[in-house]
Amino acid sequence: MKTCSQTRWFVPAHASLLIRQWNDEYIVHHALSNDTHRISAIPGELVACLSTFGQQSLSDLARHIDVDEAETRDILEALKALDMVACR
Amino acid sequence: MTNKWAHLLLALRTPTAMAGFDTDVWDLLVRQAASAGLLGRLGALAREAGIEEKLPQAVRHHMQAVMTLAEQQQRAVRWELVNLSETLSELQGPVVLLKGAAYAAAGLAPGPGRLFSDIDLLVPKSQIHIAEAALMLGGWNSSHHDSYDQRYYRDWMHELPPMTHIHRQTVLDLHHNILPETARIRTHPERILAQASPLADFPRFGIPCPADQVLHSATHLFHEGEWEHGLRDLVDLDALLRAYGHESGFWTSLITRATELKLGRPLFYGLRYCQKLLLTPVPADVLQRCPRRPGAAGALAMDCLFMPAFSTAHHSCRHWFAGVAVFTLYVRSHWLRMPFHLLLPHLVRKSWKQRVEALVKREPLERAETP
Amino acid sequence: MPVAKLGLLSLDDLARRLAHGLTLTTGPFRFRVHSRQMSVVRGLATLYGEFPIDDDTGFRDFHVRVDPVAGPRQWIRPQVNFWLDGHTPFKPLPLNHAFALLEWGMNWCIAGHSHHYLLLHAAVLERQGRCVILPGDPGAGKSTLTAALALNGWRLLSDELTIVDRDDGLIVPLARPVSLKNQSIDIIRTFHTGAVMGELAHDTHKGTVAHLRPPPDSVSRMQDKGRAAHIVFPRWKAGATTRLSPHSKADAFMHAANHAFNYSMLGRLGFELNASLIDTCGCWDFEYSELREALKIFNELVS
């Protein structure tokens, strides 16, 4: 079983996310579910980061958004429930 | 037979002819095609033939509008399959997609521009209740709560009552056969399941082999009695036959399979009307080799019912006899589905329910207006 | 095909043409309109005088009919219905709602079928080459404001349907009459004594309804697409100070998407078209109580 630090997070290929940012809010469209979500700055930055740079570890992501790992994981789990991110 | 639909049939048979149609022709044709559920198909045919730019802009816009909707439905079915792959992961045996959902998911010939509403799945009879339970856990609810309807579906028919997803509102029909339990033809769904091949993108699901796709399409059309989309269903069949007809051994396998599954008669009708209306290329001897085909007199008699029924595609080309023909075929479809002692009470009950529903069906204006 | 204006026909000629099928152009759409109802004839004569009409030939986008229903309801509390190519999508309405039913039916045809476009539920007007889109929450006073702007030099593109062309992102006009209800009718009559309105329809599902004739210049320019510059969320509030303040773009995006007729249907394209609009446009909240002041602020917004 992978430890937390070995888990890699990524945007699922079928999601083909479209992302737009206005001020500190993000609008994200998921191509396959056709859902459009409005999300705040920190989750938005996570999605944008994964979308731009490909798969990342939890620690890299936490560093990127300047939030502790536990909270970052919670945000990622919430995004995972919307199928915007996945992990392996 | 009516000639008011001459341009519609010509467009379906020879798509390049659309480039020469004037605006008076299109004024009727767009409405006929839309009513028949074929406007998207004409758009896809025009695009494939490279003549889209030759059509009047307003016509192109209407076609693009329907094709946009068709593309959305195709996307939606792919998303459903992602979710259903998870929901049905524990099921034993194959789960086979049928009709519209199969055409969309597998990119089959009838798919482009085609609208469909429900997802049809076929599972082994032994798995039907496990499948239903898994679907309910996955957020799918059964729609018919009336105990008569429940019995109708569960005991007599080949499918469960339609299930609707609680959030996504998609409708799913779960089948364990392609014909009802009570039907006069006893076919073999386990053989359809055995010959199905998995989808590359969604390995949990399969599609029937080419011969079975053709047979199911023909059986559905000539047994179910839904004539609102009769011409559209015939066009599906024509698309499948044109796509597979060139493959070596296809026609022989089609006849063999029709014999095996006892579906020779609906196949005969399918081939006959595809030839008559859509000029589908069918080798000369294939119709003669259809097992259980009707005799010449029987075939002519059925022409008097099926041809007017197809003409209900639009009010402008509706044959004067269509009302009687459609009613007769409606009774026939029920006669094919169930023995007499069940048939008469069922028809009376269904007719009563439909009258009540028709009175309340149309939307009040305030609901229709808001987006 | 000879192109003439509807207003050049006498009432009798109009009634005769309408009884067989009259072709009317509104923006990119050609309607074949069929009716034997005199109130429909009068409504068209009053409100559609500047609209181009044609012979009963060529491609029409929608074949519509408004006529009394058959059967007992012809005589007992008579009703009319709306047909699109032989189908009746709505329940019948009282006879004196016939013209309003035609207007609603035409909106329904466009909103329900024109997925070549992104269709927003909003009014849109233009001045100085800049279009202002007014999404309408019920009771916000959007229609009153739309009518007032149209009567004061603004080009009316539409009072209900903002049509965005998928190929160039421009706004496509319809220039059809403005639908007003209840107090708006009197407010506009008082505000602009020259305002021409059709007959009142009482006790509709929206209350009392009437339609304002569109300015002739708006109608003559119905083929000129517009460029969106602002999205303004209006809110009428008694005694409020007239005020324009920034509205969150993310919120404007979601509002437009949730209130559009076909945002979801267009998938990624819907997202891109909507996002382009939000990128290009200033997004504003607008609170007002006095129409004159409102007009002043709007004029300043586009100058």
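Read from first to last, the chains carry the letters A, B and C; within each, the first residue is number 1.
We adopt the following convention: a residue touches a chain if its C-beta (ideal position, glycine included) is under 8 Å from a C-beta of that chain, and two chains touch if they have at least 3 such contacts.
Only a predicted model underlies this, so the values are computations on that prediction, with no experimental measurement involved.
Of the two chain pairs considered here, B-C and A-C, the higher C-beta contact count falls to B-C. Nearest to the global CA centroid, when each chain is reduced to the mean of its CA atoms, is chain B. Taking each chain's centre as the mean of its C-alpha atoms, subunit A lies 42 Å from subunit C. The set of subunit A residues that touch two or more partner chains comprises 31, 34. Shown for subunit C are the residues that touch two or more other chains, namely 264, 267. Looking at subunit B, residues 72, 75 sit in touch with two or more other chains. Of all residues in subunit A, only 16, 18, 20, 22-23, 25-27, 29, 31, 34, 36, 38 touch subunit C in the complex they form.
Residues 248-251, 253-254, 257, 263-264, 267-268, 271-272, 275, 278-279 of subunit C are the ones touching subunit A in the complex. The residues of subunit B lying in touch with subunit C in their complex are 23-24, 26-27, 30-31, 34-35, 56, 58-59, 61-62, 64-66, 68-69, 71-72, 75, 315, 362-366, 368-371.
Of all residues in subunit A, only 14, 31-34 touch subunit B in the complex they form.
Contact residues of subunit C toward subunit B in the complex are 28, 30, 57-61, 63, 85-86, 88-91, 93, 101, 104, 107-108, 111, 113-116, 121, 205-206, 259-261, 264-267, 269.
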